[in-house]
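Two complexes follow with chain A in common, the first pairing it with chain B and the second with chain C.
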Partner chain A sequence: MFSWLEKNPFFFAVGVFVVIAFAGLIEIVPDFAQQSRPVVGAKPYSLLELAGRQVYIKESCNACHSQLIRPFKSETDRYGMYSLNGEYAYDRPFLWGSKRTGPDLHRVGNYRTSDWHANHMWEPTSVVPGSIMPAYKHIFKNVADLETAYAEALTVKKVFNVPYDKDMNGDGKIDVPLGSFKQAKQRALQYALKVAQETKRKDLVDMVKQGKVPEIVALIAYLNRLK
Partner chain B sequence: MQNPAIEYDYTVAKWFSYLAILFGIIGMGIGVWIAFELAFPELNYVAGQYTLFSRLRPIHTNTVAFGFTLSGIFATWYYVGQRVLKVSMAESKFLMAVGKLHFWLYFIGALLAVGSLLLRYTTSKEYAQFEWPFDIVVVLIWVLWGISIFGLIGIRREKTLYISMWYYIATFLGVAMLYLFNNMEVPTYLITGMGDPFHSVSMYAGTNDAMVQWWYGHNAVAFVFTVPIIAMIYYYLPKESGQPVYSYKLSLLSFWGLMFVYLWAGGHHLIYSTVPDWMQTMGSVFSVILILPSWGSALNMLLTMKGEWGQLKENPLIKFMVLASTFYMLSTLEGPIQSIKSVNALAHFTDWIPGHVHDGTLGWVGFMIIAAIMHMAPRFYKREIYSKKLLEMQFWLQTTGIVLYFSSMWIAGITQGMMWRAVDQYGNLAYSFIDTVTVLHPYYTLRAIGGLFYFTGLFMWAYNFYKTMTASKAIEKEPQFASPMAA
Partner chain C sequence: MNWLSDNVNRLALLGAAAILIIVIGVVAKYFKQIKEGKSEGVLKEENWDGIGEYKNNSPIGWSLAFIGTIVWGVWYWLVGYPLNAYSQIGEYNKEVKAYQAKFESKWANPSKEDLLGMGEGVFLVQCSPCHGIDGTGIEGKAQDLTHRLLKKEVLDVIHRGSAALGNPNGQLGYPLGMMPPGLLSGADAEAVASYVAGGFKGSGKGADLFQNTCASCHGPDGRGMNGMAPNLREYDDTIVQHVLEHGKHGIIGRMPSFKGRLTPVQEKAVAVYIRSLSEGE
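For the complex of A and B:
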């Protein structure tokens, strides 16, 4: 059979394809639907958080930081409750990372504050002596792209039915409002002002007051949301 | 009956060889740089935000995997393909044009894609960072390569496909399938008409996204760093040594075994994550089984040298290839060990993983591509290899570099893994995270120096290649087996 295949490239290629496609089908397909289910209480990201998440991705934070707490005592002691599948239901893409040059961040919102993050991202060694993380000063000046964040939120709402503008828990209130871009931006600015004030940095507060959200503020909003 | 000798056309093979050298130097240069950044963080700021570790790390991986390695794969394809199919590219104007177009699209696409990463356009998925417009370029490049492969097969004289051909075909199919499915994403601008036109959002969420990504990520390793490199060694080692492949049956078993088993192993990247337990176990078990076909190929190559080990002393190209096989064996033993759940609990997220990747990529992939291109050089230019001595020096320098690299990363990884889990007598964590970072400084330094050795070797390679092309002694006809070299 093999010597026949080696003379018939078409069937050879078909054979190879079947053999390699097999594993993916069996491993990925059966649990696909089950794994898409959110855990109770999981909510989509607000506009500002999503903009922050995009900053996290743009700066490739995931090159050094994981967002996956494994079920070991040494990890739960250090980072908190181990990660659950349903917590990631609104993560597109997933940001588990593959290397911890720095610590895990999946529940960083539980134990770090806005001003800590601002100080840390401005000069990491000022809060963590010995840190090898570089400073990210440029994101204090860059303005977060709320429009792209809104485009992403609207896309996932339309295409994947992510529950924006919905009452998810049946208490009669909308859990994560999105609305029009204007409404969403207004809400993001209010939220950003609160975060900027928490950082105790005047330059950030001033920028937000001018209607521009610095990337660092969006990023901190995202990190605070990781709980 | 003797056919008249075929005049093979090496134009495209030459171009891709130049590119392999260029991208090798760029990609590994960045690698060395960021390795030093981990040891000396001030280096992060030499060019503002553009030299931050996090910005450069994806550029390093993409340039080396899809710049250096793919160029090497394409260079060898445009050389080996013609020879094992007994047909010249010059015989088909169409295939020649496809080859050239393939090259130029690839070159331009690669530059644009790297530029996009520098400007923060990334999907964040490892080895699949390019945003959707570049994904489309990648697909076009791949289709062109497919036309080249199957076009050449269509007009072949040798009816039976040689072993290398199996592997090139598998590379083409495997990467096509993996790349398409992993990069399924929705461009947000097309849906909403707002925001950045390059931005997209993954079709998969959370755990599913992770699963598709590592099904891809692991097997991108399979179909870029393993399968096509085996295609190379099955051609170049027998050719350079003048020895027939040791066993056809072993090559058959290894090929089909590798094809079937490799794809299952992606799950070992997700052990103790939130993917189903049965899948983690599958990933673990199949990773161990993967030793069989991997070692099958490697042993088949080493046994090809049976009775001819004297060549190892005489010929630096044989040295490169034999050590490549050996590193392949090391790497394919180390991988399965790291896939065992209890070992993975320690090794995952630590520097042992980049250590493992690099003994495979530097030792196996890098050495094989270096040897293949130096084997082709005398055939390209009808000249001797410029300097055997320089090639020998390069070999030892780079080998030392690899050893420094992986040994320091083994120590770093295991140290860090042990410190993360260490507890004092009351059961409290013994170290804060930063303790586990500062302790790594000497190993990071050592690793960077190892990388620097390897990087220096690349310049020796480039110089030797350039001199072979321009200044070496001419030879009358294409050498049959061992490449002629000036002392």
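For the complex of A and C:
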């Protein structure tokens, strides 16, 4: 019945294109739907949080932790409100994860604090006796890479129009300032100092005061931001 | 026990034998066909560089399934999906509603043991990472729930008032609102703090000062006058509820708010469990 197609490579190619394009359409069109737009109140990550996100990716936390709360009662009881598409609008790449060796972290900022994270990352079994999570002592010494984080923020601002330096909610104030690297770094250092003080660890506070942000501080800023 | 006396085992054995016989039969049939079979049928008109193809009718079962799927597909696209659109969130809402109704009817009048068990469960999941699985606060990292208040906490609250709990204008949402800073200082503050942290034992300077300065809000017995101000003697239902709703940021650290995350019965249960931790005192 279709043997004439086999003799006409051009029409065959057109046919193949139509079939594949249709499948593509089904997958792509929903991404433009309203529910995939940023949810009201979603904000891009600040410089420090972005640097923390890079630590999270670098240390492969997503190999053991998901960031996606499914709409099941058992999950919302434990972690809070189920996740919405639009909450990931500024996640590049998203860190849904596919394995839960440890618990979901999408709203961990609601029920854990900076000092708890510092204790836990230093020695997980000191707060959760049976924990099998590895200790991350090295990130208390490593310095976070603010330059790369800034480059990432600037790129997504320029290329994808991510609303840095913009008034998003119309209250006349800039919601997530970025500015030049110098300004952004200054702001990140202030923010880092606050987080470092919350961890109650003098070594971290001292490092920030010397103008170096320990990776753990950036990571905690990122975890606190997950709400 | 003779394993053949078990029905399931016998059935499984029978099934295994049947599968074996069928496999041997089918394999034998095709071997025979490969050895003796001749190709037959009508050739198609087209051939590709001399290689031809037989006309074979598709099997009826296959054809029916193929056409059936197409018909079903059209129905699903045009009628099935749009008209009974399945929603994951809808199912979630239903699940939660059904659960809530069951939860409420099951625990309408929980006994103390029920509450204790439920409270322990909630505590181990939600609270133990900070307060420790034994509730002692992991060496000062969070409140030691086997004991009501530490002296340094009381002193801090006397000096800084509500600011020592997280908000100078009142943090915990009690009807009396906020606790003013600097009601006492120096040795007086020390004496009251020892008295309160020591569990309201004995009499003397601390006890007298408490009656004069603090009792008007916290009650002469320190139990908070039925929820007007915090109960300073034990973790009653009210203080647990208020802390869970508003969170607290004190001299020990920060406790995040758990607003909306536990049901009222669960909050009561966790309070009962917390009180059970200090029963030996």
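Heads up, the rule we're going with is that the second predicted complex is superposed on the first by the 193 of 227 C-alpha atoms of A that agree within 3 Å, B and C clash if a C-alpha of one lies under 4 Å from a C-alpha of the other, contacts with A are read in each partner's own complex, and residues count from 1 in each chain.
Here is the rule we go by: a contact is a pair of C-beta atoms (placed from the backbone, for glycine too) under 8 Å apart; a residue touches a chain by one contact, two chains touch by 3 or more.
Not measured: the values here are computed from a predicted model.
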Chain B versus chain C as contact partner of A:Trp122, first or second or both or neither: neither
Chain B versus chain C as contact partner of A:Asp31, first or second or both or neither: first
Chain B versus chain C as contact partner of A:Val159, first or second or both or neither: first
In the superposition, chain B vs chain C on chain A residues touched: B
Touched partner set for A:Trp96, first chain B, second chain C, both or neither: first
Touched partner set for A:Ser3, first chain B, second chain C, both or neither: both
First, second, both or neither for A:Met133, with chain B first and chain C second: first
Contacts of A:Ser60 with chain B and chain C, given as first, second, both or neither: first
Shared chain A contacts, counted only where both chain B and chain C touch the same residue: 3, 71-72, 77-78, 128-129
Interfacial residue positions of chain A with respect to chain B in the complex: 2-3, 6-7, 9, 12-13, 16-17, 19-24, 27-28, 31-32, 35-36, 54, 57-64, 66, 68, 70-72, 74-75, 77-78, 83-85, 87-103, 128-136, 138, 145, 147-152, 154-156, 158-160, 181
Residues on chain B engaged by chain A in the complex (per definition of touch): 37-38, 41, 44-45, 48-49, 52-55, 57-58, 120-126, 150, 153, 159-161, 166, 169-170, 173-174, 177, 181, 186, 188-189, 191-192, 194-196, 199, 201-213, 215, 252, 256, 259-260, 262-264, 266-267, 269, 272-276, 279, 282, 286, 345, 348-351, 353-354, 420-421, 423, 428-429, 433-434, 437-438
Residues on chain C engaged by chain A in the complex (per definition of touch): 46, 88-89, 91-92, 95-96, 99, 125-126, 129-130, 132-133, 138, 141, 253-256, 258, 261
In the complex, chain A residues that touch chain C: 3, 71-73, 76-78, 80, 82, 110-113, 115-116, 119-120, 126-129, 198, 200
